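One chain, chain A, links the two complexes that follow: it is found with chain B in the first and with chain C in the second.
After this line comes the complex of A and B, so read on.
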């Protein structure tokens, strides 16, 4: 017989006509290798099939299952019940629009962020079937990947005191995503163009440096280094251009 | 247009159902030709299953020492052999010739492919490779089972992730419309032509109609039909049901299901150690002869899975809390090597298994991984039997993979199909006008509304959706898995037929209001059971063994009678699929011995 687990779960389903939020308590028996994904699936299938939560890959790769587990932003798939006390509370991630219960709309948040900050490779290279790849040293590729591998789970956003008071602040995930393009020699945006997006209170200069983000990143992204790198580059760019777009589209110096 | 229903109606040039790699690559191709493109997805695009593929994709770039001399011709041969000649060779040829350009194009979109570093280097399986200066900075590759040359290009530990993020970023820059958390629940058609789809909003529960000149199914695989699968939990094959339920389109080779040999319970994550490990049974005996040093070959996935399953059936598996398993041993590679080259494996073992692979054995057993079957299309990606409908990626049976997909060919297929089929879709849409009849749209919406009402009210019965689903998963696992036999398959078909009737008699426990997940499952279940029946009936009828389809009562490949593709149709109201067949096209490589390629070892 496994341990008896008690889960206190935030419940509120506006789409089902609920008028006010509350907590609901579920009890279940712990099984070997149980994580929050397995526990919630069992609750849905055996206790309350209306319970809303999001899992896709269940292997910490898709970023769907961020939630507050005993007050901390965590991925449900990566949190094992053996590491939890007998009584656990689950809340949806704050800040993001609530869909219902534990399900929040991180997808739309990140999509709008990417649109607003132009988070794609800006290149004028034309494609032809015969063209070979441009060479890149592997160190550079690895650096890009280190930033690119963020899974946009939103844990760092939920943990960032600054986003809570300034909702236009793009947060560590936003800055890290843009660092990925700053690091990429194939991106043709000038330093001034990068500065326009990053060099403000909503960008890198809004960060207070308390590292709530890094402490809660389930993918262990080196956010401290990334934030410091962007701050250095944007400070230099700010000094050089006075923070103004000078109209030049010169390729950045690396 | 005069409004015939309360539901929202969206008009677009091209409707793409699915935002994994195949759907996104198609969207790029279509929208860059100036067409209004709308993509639907169960989840935000970047959370699609494609992001999970860490391994890599095969492209004969011919870069690097171990890829030297590689060519589309060799890739073609490897693919056909792996497929056990069950594939369409015209498609394989088109594919092999196109992959290199398709990969290099993603490089232009920012994918940070792992690059070649000049000098001496150790590989994950502990062999040594020396790279000359000339290749430095080009896209690197690693070896894969069944590939004569090292041609698996990869992005460190996250190939699928980086590809999907780069493609999704391109769709953003092109202004593609994406409706995520939206599930297509039926196709709208007039008996000849597909006009769009009815979808359920997974935020509100509301129904909507999408009308398009061309509709593309890019919904990925259906691994979740099986109880034990590596697939994401959203891979329930609904896209295949959408096509099958038109009664016009058909599914190809649904019996061709791939099992990944080495997955770790209870999450069933693949543990791909790059060929440097050993498989052990409960007595710590190495039982895969090909893995022995004097005989070092890399067997095909289906072969390894069978060795393992046989061992487990012989009672030589290890009892575990999640059923019997075997051991994967990589301890001999040492902590330094594991830390340098097998970080992904190390993380998976530590986080999801609580194991230190440098010191402990890793529990592994085979689980469902990939479906070669899918919506049967021609070489242009156009579905059989219905105009205006296309399919790409794992959801399609373009027929690149035949009866066993070569590792790394699936990601490659998504970007090639997106490129090639996307162009055809665009041409089709440019040549057609938006055509629709309010009567048909209203009927399609009403049919779904009616289904929802009867499920919520329980007017058809008292069945529990999760119970039935588990039964379906169990039947497939038991009788339609790695080993198949006439008796067991007959049994499976009978049980699934009964289940099919019960699936129409589900009653919800919850209210079904709003974004209710139980209602979603109940709506999907009958279609899923029909897919399970297509798999089981196809497997029962195919009295031979080919690739992953292994009949214990017919253990040999039979090219005289079975060099043909199964086409499963589901006429409206039928209780089981109608199976038809078409010949497999052989253009270049006649059927021969499939013996797997010897490993190239070091050097």
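After this line comes the complex of A and C, so read on.
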């Protein structure tokens, strides 16, 4: 027989007309290989079908099951109950819009982030499906991929004290995302254009090096190295910048 | 999350502030070390201490030093103040985030605010009492430490070393590529060393104060 697990879960469903948030306690028996996803699914099936939580891939790839597990931002699917104490508290990720119970909307946040930072490949070359893709050396490709492994789960955002006090700060996920374009030789933006997006208190100079992001990233992204890289590169860009010709805030997308 | 920024803001301001905070912090830590090595000369006797202090004063090194440190401190405060959470709600959220995750580095920074403000007050008092008792002499300092200020100096020492240790650690985390664990150990060792030097100096001053 498995352990008896006690889960204290945050409950609040504004769209169902709830007026007050609160905690609800559920008990269930632990089964071998159980993760928080399985535990929550069992609770929903056996105890309360109204419990809201997000899961899609169950393999730490979709980034939808970020939540606070005993206070730490974690992925539900990647957190096994055997690594948890007998009593566990679950909260939705803070900072993001609450949909209900453990379900939050990280999508809007990340979409706004991408829109306001221009987080896509800026190139003047038209896409032609008839010609072969450009080649890239393996080392660069691997470096870019390292940043691209981010699944936009929002754990690093929830874990960053700076985002909690300055909501325009783009956080580690944002900086890491832009680092990917700094590394990409196909991106035609100039250093000054990158600087416009990154070189401020809302970009890299807002980061205080608290490492809440890195210590809580479920994909173990090398966030500290990415932040340091962007910081050094943007400082160099800022120091070298003439300031005039790119001083306008109109980003040229070419 | 989206808010229009003033169009005329110099885009390089935040970078300069970052660099100023970094440089002034490093310089202030450097000053603390030099200061420690000057004060600790009292271990070798009051006359060594006095010779050094007289020498520094004769060439106006002390006066210039104090003025410089004051300016650097102003630059430091000016550039890091933007990071201080404003208002009760912001402070509460920083402590909450640190608390909910039980995250050492975030706690470390939250305490930076507290220790920074403490240093501001305590160092001002320290400089004031030194200045009104000019020039710096071993016996005067010893009497001060022995009479009323021992606890005061112990507290100032601890907050100053804590603040500089965490500050240096964070700057290296932000800019360099050293493993955080080794970095933490190295900074810890350096702080322990300089603490020991300072404690030795305080102890020597206290004893000197007892004799006189």
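The rule is short, and it goes like this: the second predicted complex is superposed on the first by the 240 of 254 C-alpha atoms of A that agree within 3 Å, B and C clash if a C-alpha of one lies under 4 Å from a C-alpha of the other, contacts with A are read in each partner's own complex, and residues count from 1 in each chain.
By our rule, a contact is a pair of C-beta atoms (placed from the backbone, for glycine too) under 8 Å apart; a residue touches a chain by one contact, two chains touch by 3 or more.
All figures in this text were calculated on a predicted structure; none of them were measured in a lab.
Aligning the two structures on chain A places chain B and chain C side by side, free of any clash.
Touch criterion not met for A:240: it reaches neither chain B nor chain C. After overlaying the two complexes on the shared chain, residue contacts for A:86 are found with neither chain B nor chain C. Shared-chain residue A:231: touches chain C; no touch with chain B. Looking at the superposed arrangement, the partner reaching more residues of chain A, out of chain B and chain C, is B.
Of the two partner chains placed by the overlay, only chain C lies in contact with A:200; chain B stays clear of it. Nearest C-alpha atoms belonging to chain B and chain C sit 17 Å apart in the superposition, given in whole angstrom. Touched by chain B in one complex and by chain C in the other is not one residue of chain A.
Contact residues on chain A toward chain B in their complex (touch as defined above): 13-17, 31-33, 38, 44-46, 48-52, 54-64, 77-78, 80, 82, 99-100, 103, 105-108, 110-111, 114-115, 118-121, 123, 125, 127, 129-138, 141-142, 144-145, 148-149, 151-152, 181, 184, 186-187.
The part of chain B that touches chain A in the complex is made up of residues 43-49, 51-52, 54, 61, 101, 104-105, 107-110, 112-117, 136-140, 155-158, 161-162, 165-166, 169-170, 172-173, 178, 180-181, 203-205, 232-234, 265-267, 269, 321-322, 348, 351-354, 465-466, 508-511, 513-518.
Residues of chain C that touch chain A in their complex: 1-3, 5, 7, 11-12, 14-15, 17-19, 82-83, 85, 90, 93-94, 96-103, 105-106, 109-110, 170-171, 173-177, 180. For chain A in complex with chain C, the residues that touch the partner chain are 68, 71-73, 109, 112-113, 116, 159-161, 164-165, 167-168, 195-196, 199-202, 205-212, 215-216, 224-225, 227-228, 231-232, 234-235, 238-239, 241, 243, 247, 249.
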